[in-house]
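Two complexes come next, and they have one chain in common, chain A, joined by chain B in the first and chain C in the second.
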Partner chain A sequence: MAFSSRGLVLLTLGAAGLWAAFELRLDPRDLVPSDGGMVMARELFSRAWSPALAYEAADVPAGTRPLLLKALEAARLTVVFAAAAISLSLVCGGILGFFASTAWWVGDQTGGAKVGWSRHGVRPVVYGVARLIIALMRSVHELLWAVLLLAAFGLSQLSAVIAIAIPYSGTFAKVFSEMLDEAPRDSAVALRSAGASSSQIFLFGLLPRALPDMSAYAFYRFECALRSSAILGFFGYPTLGYYIAASFENLYYGEVWTYLYTLVLLVVVADWWSGALRRRLVLA
Partner chain B sequence: MSVDGRIAEVERLRRRRPRDRFARLSVWALVLLTLLAWSSEGLWSTDYFSPRRQQNLQRFLGELRPHPLQGQPFDVSVATAWAGEILSERGWEAARITLAMSVAAIVLASLAGLALTLTSARTHATSEPYLPGPRPPTRGQRWVWRAVVGASRLVLILIRSIPEYVWAFILLAVLGPNAWPVVLALALHNAGIVGKLTAEVVENLEPGPLRALRGVGAGRLQIAATGLFPLILPRFLLFFFYRWETCVREATVLGMLGITSLGFWIVDSRARNHYDEMFFFVLMGAGLVLIGDLVSAVAREVVRRAA
Partner chain C sequence: MSERGASFRLDGVSVTFGETAALREVNLEIKPGEAVGFVGPSGSGKTTLLRLLNGAVRPTSGTVEVNGEALTSLSPRQLRSLRSRVATVHQDLSLVPNLRVMRNVLLGRLGRLSLLSTFRLLFLPPRSEVLRVHKILERVGIGEKLYQRTDQLSGGQRQRVAIARALYQEPSALLPDEPISSLDPARSRDTMGLLIELSRETGITLCVSLHDLEVAREFVPRLIGLRRGKVAFDRLTEELTSEDFRELYDLAEDEMLDGV
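Presenting the complex of A and B:
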């Protein structure tokens, strides 16, 4: 980039930041908590090094499961929602992503001569509709889908899975279609010259070339799904977010950290897993 | 070669195809996890087709219609008047606040992310950046730099693995109801992501120009200002816009905690059982996200062309 354009870009971004600060009346003095806030912050963060291992409440009803078991159970449901949502979105997003890619209809799949638009028939329409559906699914956040589904069906675990799966399917479809379109065309060319049909070229020439990228991305989204699923707890599902909010509101700050660290552990493991996979599949 | 010979050759090639055991195990683990998840009985405990739920759904869908039009034939002028009133009362302001939150957050996140990049890129935060020094570093120096890198990577992981919503929830209790909790929550989480991605870019940089700067005696900050930042700027801007898209999405939602972005009015109208308004604000949020995605896509394309 030329120097002037670089300066201009940074200047614009800085100006946008200033506009936002004025619009929101962001005052640095508000960053200092009030006395009550300060006390709370001190109590909360002083427990960061000593998360609770047992309930902090004085009167725990007999027969309540131990805190750590409860955290484990919340973690299990968090993983269940995430895994179910990811598998559902892989199926829906995979199908949508196929139709939203240009690889299956523009030109001859090998990236060679392009055919005129009029020769494609309904295919551009299918492509356009797929793109539109993807944009609509993605543009509403999973928590808003959850609110809508809650209002329509009431609290149900399947609704939580579907709420995550809708925007995630859209994202998978968008990213997968781009990966299919950008995959190397060498095997497609070879298959074409051997006389393979379109579907054979797609299945054995294009898809395998994009598959490593696609699976690495799927694992990365699993990590995101874990966070989304934990957050759904704030809307009443007994995932980790539910207990974080409940313990926080009861001022049991040690328990807040127990649940928070459980979530961090889940996310860090998933992060390491997807990172290791990416290094092997994509960067190798 | 005979046909049989060729088939045998193909079979031989197939057997020799590169395989990664870790990748295969990962896929199987995910399949197993999926099966376990779907067999969790909680997922199947709801009967979506029970008459009560069907009735509830019918009622809900009916209430999505703007209330002056409920039970009436559709009339465009009434609908636009209804929408115009919501927009001028709260809608435009909420959309502007949502946008401002996302912009303030991504600017803060990128500044913090850049600062953390300098301490977490192994090529930069080391006792001998880019060139060996005149004297070999002492064991103490090496240990200190390793601790710096380790600590700042730990900070990056911690701030990004805690979701924005949880950050906002905690900060709101500490700082009280102004825009800071949402802006800071978004900034913290995204600083973790931007910092991680940029540190990877820095570690993979072609070291030539940076070596030259080091050779003429530039310090770490001088190298950063004159060599490092200009070199990573195009990639950095890609991350900036890519994360800004998600900030728009999240800023909408974080309003649910009580700051008057679009999300606030969504839960507010839901609490008052005004589902028509709720749906309208959800659509507004979707519109804002679509515009944000479009702006970001154009900006990233421009950056990619210029780079």
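Presenting the complex of A and C:
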């Protein structure tokens, strides 16, 4: 019996899925909640339509900021952490991505003769090291980095920012380098035939072709960073996640929804804003 | 160089890419300010010939001289400088689509600038340069497009941006590769008329490759027919007979049958 290679791939994937389900003893009956769980779930979801507009606790100390203001402040800090992390990642990822792009390091931009010292063994080393660093940064999730950095430096703002920035820099570097490598080369060829140097060709022939994609991707990662930054609240940073966890533990389900909706709103606004910017993006 | 136009001289030039011979034993002389057309079926070596003149392709044997200097003797720096004076207009135009027209034209000057001055020219162009770009765009008929994004222009307009970029190089020779291959007949004539006028006005040497024989005969005073990498004829257009052209293409058909 002859399988097409595609059929073989599908079959393998299917078999892997079945094996994993069997190994984990996945049982649909587990989805039926226990009685207590059912009560809790019902309570939580019943509040979805009526998020709290004021604190649910009976005795709120005088002078406490109103709930909605607190949610807004948490949202603001979520944005601040995300913005700091993304800015740092853009710098680090941009630099690493440059070193990891074959467009620059392997041959020259037009596929012609290799130039200067890059021919003499330095290039593959730099390229290889850049790729290795990227793989290391990306293989550990930001939450795990947060755990590590918290253990090392304690609850400092900087360790939160760095925890997000490490995997994000790696991802930026990987994606940016691929975008540079895949950018159309025709304008690079044209600049070369007009006598431009390699660095001019890279900066003005290749980079502008990749920039729209690169900025669109950066905006998308900013949305991801918002979610990451919110989640870091679970470790005690004053972002939305902190309040979501706290209210949930205190069984203030209305407040949970208030904070959740704030997060949703934040992501929606960021999405709308980045969409508007992307459409207007004319390279200056 | 005191003369505005560049001169070219090819002496027994052959170019082979791997097994395939793109050009064989080509001898050619092009005088300063001359307008020359390369015609022939596709694959006959027109593009390779243009690329030789710009130093983008090295001859496998023979010598290419520009203004009396052999290209092989040039240092990389001199080659860069030569390329900045011999302006190619690529068939696919090779503009940066998401840049404004002005910046695409400014990019023509890269060959003579340091990295730092490139930044300055592109991001803080002095008024005088903006005016010069505008003047060139006016000359090629799209002055009002100065600040438009290049990808918003029509095919014919983009063609003019590519020509403007080449002109901004202040070249001594202009090498458009199939400049009218993607234009409708009316725009083809406009573009060819513009190229011939430009070369007459400024004394720039013009070497243009064309597949449209009718247009070539109408506009270009000297035609060089290429077939299978060899020069089939090299004559003033008025001296050429229909027989010459038929031979150029009939033979090509035979060759295609041979190839099957």
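Please note the rule applied: the second predicted complex is superposed on the first by the 254 of 284 C-alpha atoms of A that agree within 3 Å, B and C clash if a C-alpha of one lies under 4 Å from a C-alpha of the other, contacts with A are read in each partner's own complex, and residues count from 1 in each chain.
In this text, a contact is a pair of C-beta atoms (placed from the backbone, for glycine too) under 8 Å apart; a residue touches a chain by one contact, two chains touch by 3 or more.
Every value quoted in this text rests on a predicted model; they were computed, and no experiment measured them.
Participant: Based on the shared chain A superposition, would you classify chain B and chain C as clashing or fitting together?
Facilitator: Clash: chain B and chain C overlap once superposed on chain A.
Participant: Is A:T64 contacted by the first partner chain B, the second partner chain C, both or neither?
Facilitator: neither
Participant: Quick one: classify A:S198 as touching chain B (first), chain C (second), both or neither.
Facilitator: Touch partners of A:S198: none, neither chain B nor chain C.
Participant: Is A:S50 contacted by the first partner chain B, the second partner chain C, both or neither?
Facilitator: So A:S50 meets neither chain B nor chain C here.
Participant: Between chain B and chain C, pick out the one touching the greater number of residues of chain A.
Facilitator: B
Participant: Per the contact definition in the header, classify A:L143: touching chain B only (first), chain C only (second), both, or neither.
Facilitator: So A:L143 only meets chain B here.
Participant: Applying the touch criterion given at the start, work out whether A:L211 contacts chain B, chain C, both or neither, answering first, second, both or neither.
Facilitator: So A:L211 only meets chain C here.
Participant: Counting only touches as set out at the top, which of chain B and chain C does A:N250 meet: first, second, both, neither?
Facilitator: Once the two structures are laid over each other on A, A:N250 reaches no partner at all.
Participant: State whether A:L26 touches chain B only (first), chain C only (second), both chains, or neither.
Facilitator: So A:L26 only meets chain B here.
Participant: Which of the two partners, first being chain B and second being chain C, lies in contact with A:D186: first, second, both, or neither?
Facilitator: Once the two structures are laid over each other on A, A:D186 reaches chain C alone.
Participant: So which bits of chain A does chain B touch that chain C touches too?
Facilitator: Touching chain B in the first complex and chain C in the second, residues 284 of chain A appear in both lists.
Participant: For chain A, which residues count as touching chain B in their complex?
Facilitator: 1, 5-6, 9, 13-14, 16-17, 19-21, 23-27, 30-31, 33-34, 37-38, 40-41, 44, 77, 79-84, 86-87, 135-136, 138-141, 143-144, 147-148, 151-154, 156-159, 161, 215, 218-219, 222, 227-228, 230-231, 234, 241, 244-245, 248, 260, 263-264, 267-268, 271, 273, 276-277, 280-281, 284
Participant: Looking at the complex, which residues from chain A come into contact with chain C?
Facilitator: So the residues of chain A in touch with chain C come to 186-187, 189-197, 199-200, 203-205, 208-209, 211-212, 282-284.
Participant: Can you check the complex and tell me which residues of chain B touch chain A?
Facilitator: Per the touch definition, chain B meets chain A at residues 20, 22-23, 26-27, 30, 33-34, 36-38, 40, 42-46, 48, 53, 56-57, 60-61, 96-97, 99-101, 103-104, 107-108, 157-158, 161-163, 165-166, 169-170, 173-176, 178-180, 183, 230, 233-234, 237, 240, 249-250, 252-253, 256, 263, 266-267, 270, 275, 278-279, 282, 285-287, 289-290, 293, 306-307.
Participant: Within their complex, state which residues of chain C touch chain A.
Facilitator: Within the complex, chain C touches chain A at residues 54, 56, 79-85, 87-88, 90, 92-100, 103, 107-108, 110-113, 115, 118, 122-123, 149, 165-166, 169.
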